[in-house]
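Should a chain be cited, it is by its letter among A, B, C and D, assigned in written order, with residues numbered from 1 in that chain.
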Amino acid sequence: MAYVMTTHRLPERDDPKEYQHTIGPGVDPAVEIEPGDTVEVETVDAFGGRIESEDDKPSEALDMPHINPVSGPIVVDGAEKGDALAVHIESIEPRGEQPRGTTCLVPYFGGLTATDRTAMLHDPLPEIVKKLDVTEAGIEWDDDITIPYEPFIGTIGTAPEIESIQSLAPFKHGGNMDLPDVGPGATLYLPVNTDGGHLYLGDCHAAQGDAELCGVAVEQATTTTISVDVVDDWALEWPRVETDEFIMSVGSSRPMEDALRAAYADLIDWLVADHGFDKYDAYLFLTQVGGVRVANMVDPNYTVGASISKEYL
Amino acid sequence: MAYVMTTHRLPERDDPKEYQHTIGPGVDPAVEIEPGDTVEVETVDAFGGRIESEDDKPSEALDMPHINPVSGPIVVDGAEKGDALAVHIESIEPRGEQPRGTTCLVPYFGGLTATDRTAMLHDPLPEIVKKLDVTEAGIEWDDDITIPYEPFIGTIGTAPEIESIQSLAPFKHGGNMDLPDVGPGATLYLPVNTDGGHLYLGDCHAAQGDAELCGVAVEQATTTTISVDVVDDWALEWPRVETDEFIMSVGSSRPMEDALRAAYADLIDWLVADHGFDKYDAYLFLTQVGGVRVANMVDPNYTVGASISKEYL
Amino acid sequence: MAYVMTTHRLPERDDPKEYQHTIGPGVDPAVEIEPGDTVEVETVDAFGGRIESEDDKPSEALDMPHINPVSGPIVVDGAEKGDALAVHIESIEPRGEQPRGTTCLVPYFGGLTATDRTAMLHDPLPEIVKKLDVTEAGIEWDDDITIPYEPFIGTIGTAPEIESIQSLAPFKHGGNMDLPDVGPGATLYLPVNTDGGHLYLGDCHAAQGDAELCGVAVEQATTTTISVDVVDDWALEWPRVETDEFIMSVGSSRPMEDALRAAYADLIDWLVADHGFDKYDAYLFLTQVGGVRVANMVDPNYTVGASISKEYL
Amino acid sequence: MAYVMTTHRLPERDDPKEYQHTIGPGVDPAVEIEPGDTVEVETVDAFGGRIESEDDKPSEALDMPHINPVSGPIVVDGAEKGDALAVHIESIEPRGEQPRGTTCLVPYFGGLTATDRTAMLHDPLPEIVKKLDVTEAGIEWDDDITIPYEPFIGTIGTAPEIESIQSLAPFKHGGNMDLPDVGPGATLYLPVNTDGGHLYLGDCHAAQGDAELCGVAVEQATTTTISVDVVDDWALEWPRVETDEFIMSVGSSRPMEDALRAAYADLIDWLVADHGFDKYDAYLFLTQVGGVRVANMVDPNYTVGASISKEYL
């Protein structure tokens, strides 16, 4: 780890083309950092700010497939294939003019609608846009209801070795996991598949329920501050999360049971490798004390986290 | 509701044939009660007590398909098709000689093994049995670890109109949901499909993690005390749960995303019918504040609960 | 096998209550036969004949859950748990007044619609009924198109040991497989789980494409003639089919890949047990020559057959 | 279409780095052609020829993720986003020294094994390699069995607009569909997402059963001859196939029912747009006459084709 830790900034760009819509190798660094450095990233929202009022129609405002823009890549000096990045989420502050939060129904996208994959003969559900005032004090849903501000990074991942994966998809590299546990105070571990790791992030949410039911959380532009360390020789198959309370493995696949199998199997691997468990003991024990977070049921892969409280480690 | 509430007892039976292994209509009542009455049920564990030591092999000890015995049916006077039963879980006390808790690996059963349905060419995982001392103070996992005693009813359901469903399977009638929220203090709502409702229960767990990973929680015999009311003219498609903190709809299906779709869609129906929500508002709002509990990933159907905090109702 | 083979008749019943809507044990025999005997069964269609014109609405005409009526049980003398029934399908002749074929769209039922399990917020698709003239010469779809008459038994199964499964559901006992290979000339093998086997059948189709897309084939009343033998000591996990051309194992589950895994794994078991294959040779060989039939994608379980040509046996 | 049709050659390369392992935009053309031109492609097998004997272990011989090499991109002059490529498969001839066919079991890959996604605690199945003599007269499986030579292109696709998808994965762009219908005489239609279309192909199979059970067909190096036309203004969501007998839409997703839903829904779109069908008529009609081919149950997405006989068009 570096002795002098520098703070870098990735400011908002005027040109939407300076954002990435895939997470892959071979892209020029947006910033190069040393292990231990801090980066302040001005993220834009998942729509690139294109849904400006409740009169906008998502089907008209969006420029597919150029959605879910991510900032980056952040290239970390010395990170090599077989290492992991440890991304500490320091803070996530809302940014931009009010109403700066957006949720909406996008045609044929979401958990309770036909989609391009769960294809059906139904007409689409109506397009509804809801713009919301967001501050760190909360999200004003309506006159009566304020939702707590519980922000997290929806999309964050490292470049796969050879693929460039659309930023909408979560998989082994992280990506659009939409996992509420990736918020301030947490550390996210991601695999390093290419020299420098090539970290991208964006799509921050001011709040989100389990499974991100309609597919659109309270989307917001933010100033997100992270610091990044390198864990040498820690080859990860799936992303992992650590907080003060728990450790969690994160699987992304379809059907949902496969995402959960991958998450729990990876957590068992972790318990065996680093916490002194026998494989079958871990299997029996997690049966009694494991925790499951369904992060999303709407993306190209569904994402599920499996966790264990640190009190048992 | 009755003015005089009676307490009934369903004691442990000596003859295993006096337990049921399906949940269906047309079975003589084990007890007939009035709405509002209380029933103390001496449940046996999911193995009918057949796994008595860590030397027992589940594959030899069990008498398939006669597993997961349930007590009942409890027949409720006046309950008619189209009503719901409201089952209040009063208490769940462990019962029997120590070590009275059991968890184990059953060949080709569980979340991280090939099964009869997710069929593969692998040899089975080893059969491992773990017997555990269980008291209301906790479950002694080993010398270092005590797991909190957080009991619930694993299998509880009402007779379908025409089917008799094996007690291992969860579905619209309830059944083997393995849902940790069905514990003391909660009310479970189940559909009445036949006169009297015909309620069965058993398979209590002293503790269980989300998804019941290996398929066998800390199984225990109990004295479980419930009281039962009838909600007139409340036709339920799926079971529902209410606690002091939340209301929850419970879906059981495969793949897991279908269980979750059913749960969330039913919760939206509930919010619209009884809590003044517009359908799409409920969809957008649950996206931000909904909670998901994965109950099991191991039974003939997977079970998932979708909930909303009462603070929003 | 009996030396004198008798032909029995199960004629159409006037009272719909004389049909069964579940497949289970404990039902009085509709007919008792000797192994080798023949039974002529006058089946009614999957709607019990309730959809009589194109003006009928399925949602109004049907009396849920009393749909998909089956005839039986046919009880076979000497059949014991652990045996198999060999059901030879001799002929399937259409029956009743023209237009005697029916297909239709039933709300929230089918392969390209939201359903009770794949629950969504869409309004139902329109209810459309199509009545069709059916003869052994073909099905008159419209003025230009005649579909070949290729009949089969949609629902056929033996009683499980303890469950009574709704006739709409396929599983290990057979049931509503909707498998076009169960037609004249084929032999269907089903497990015997109870003394006498208790065989039920109905829901014959005049034609059906792979996967039974909308969930309703060309439904018809028939005179279906079968003969039934007993195969001693042949415990089947899943139904199996034999024709002049191939042998096939039939899996029913969700998601569809699990149905296919079960089918192929059972076929490997069959090749190893009865055809001299090594397990992994069979796995490699079926990879090159196996055949797959998707029977239905609409029922409570999806059904898929995996087969191998007899030229390789 | 061009009046003078040229034949191009893409010969085998000595340097494995001259093959692609992703299908994406932004790669320099391997060859540029005019619409109507023919290309002879010397494909290598899915292992890049690295499994040379039955003593090789796939886990040691392969250089993940550099597997399933494809040739290309073939860039077609004038093809623009919104067009389709029509790829006519002219011939597929085996190439290289005998035994030039390869099938094998790869650890944690296949239809009846735990995988990285359907993660379990089982040890891997054994690694078995089978080398096979392949000619156009057939594949010598053993002394008794010859499998017919029925070749097809396992992996063929066009660049997505922004993603680079690993060559192992099938999706809307085609890719590793492992669809036996993509053989000599067939025309495959693929979407054009980028100027020139950027067509890649490889991974030819000498034979394969439905679903490619163990994940490895009879893999072979070939000389594959295709000709390529451009269909203007025919924006495809999913690949389509046409032969003398049928038209077919091809879906790739998980779970398998979603692949089939996508395929059948796309086929209905095709029937409505180009063949005069009403949407619901097509739905009802395909229910009676549709055909389903399960292409693979082993790749990152499962692939299923839905077809209708041309006699009905």
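We adopt the following convention: contacts are C-beta pairs under 8 Å (C-beta built on N, C-alpha and C of every residue); 3 or more make two chains touch, one makes a residue touch a chain.
Quick caveat, the model's predicted, so the values are computed rather than measured.
For chain pairs A-C and A-D, the one joined by more C-beta pairs in contact is A-D. At the interface between chain B and chain C, two copies of one sequence, more than half of the residue numbers in use are shared by both copies.
Distance between chain A and chain D, defined via averaged C-alpha coordinates, is recorded as 32 Å.
Inter-chain spacing, taken between the CA centroids of chain A and chain C, is 47 Å. Contact with two or more other chains is made by residues 112, 118-121, 125, 254-255, 261, 264-265, 268, 280, 283 of chain A. Under the stated contact rule, the graph of chain-to-chain touches is complete, every pair of chains being in contact. Those residues of chain A whose C-beta lies close enough to touch chain C in the complex are 112-114, 118-123, 125, 255.
Against chain B, in their complex, chain A makes its touches with residues 103-105, 110-112, 125-126, 128, 130, 139, 141, 145, 147, 207-218, 254-257, 260-261, 264-265, 268, 280, 283-294, 297, 302, 304, 306, 312. Interface residues of chain A, counted against chain D in their complex, comprise 21-22, 24, 65-66, 116-121, 161-166, 237, 251, 253-255, 258, 261-262, 264-266, 268, 279-280, 283.
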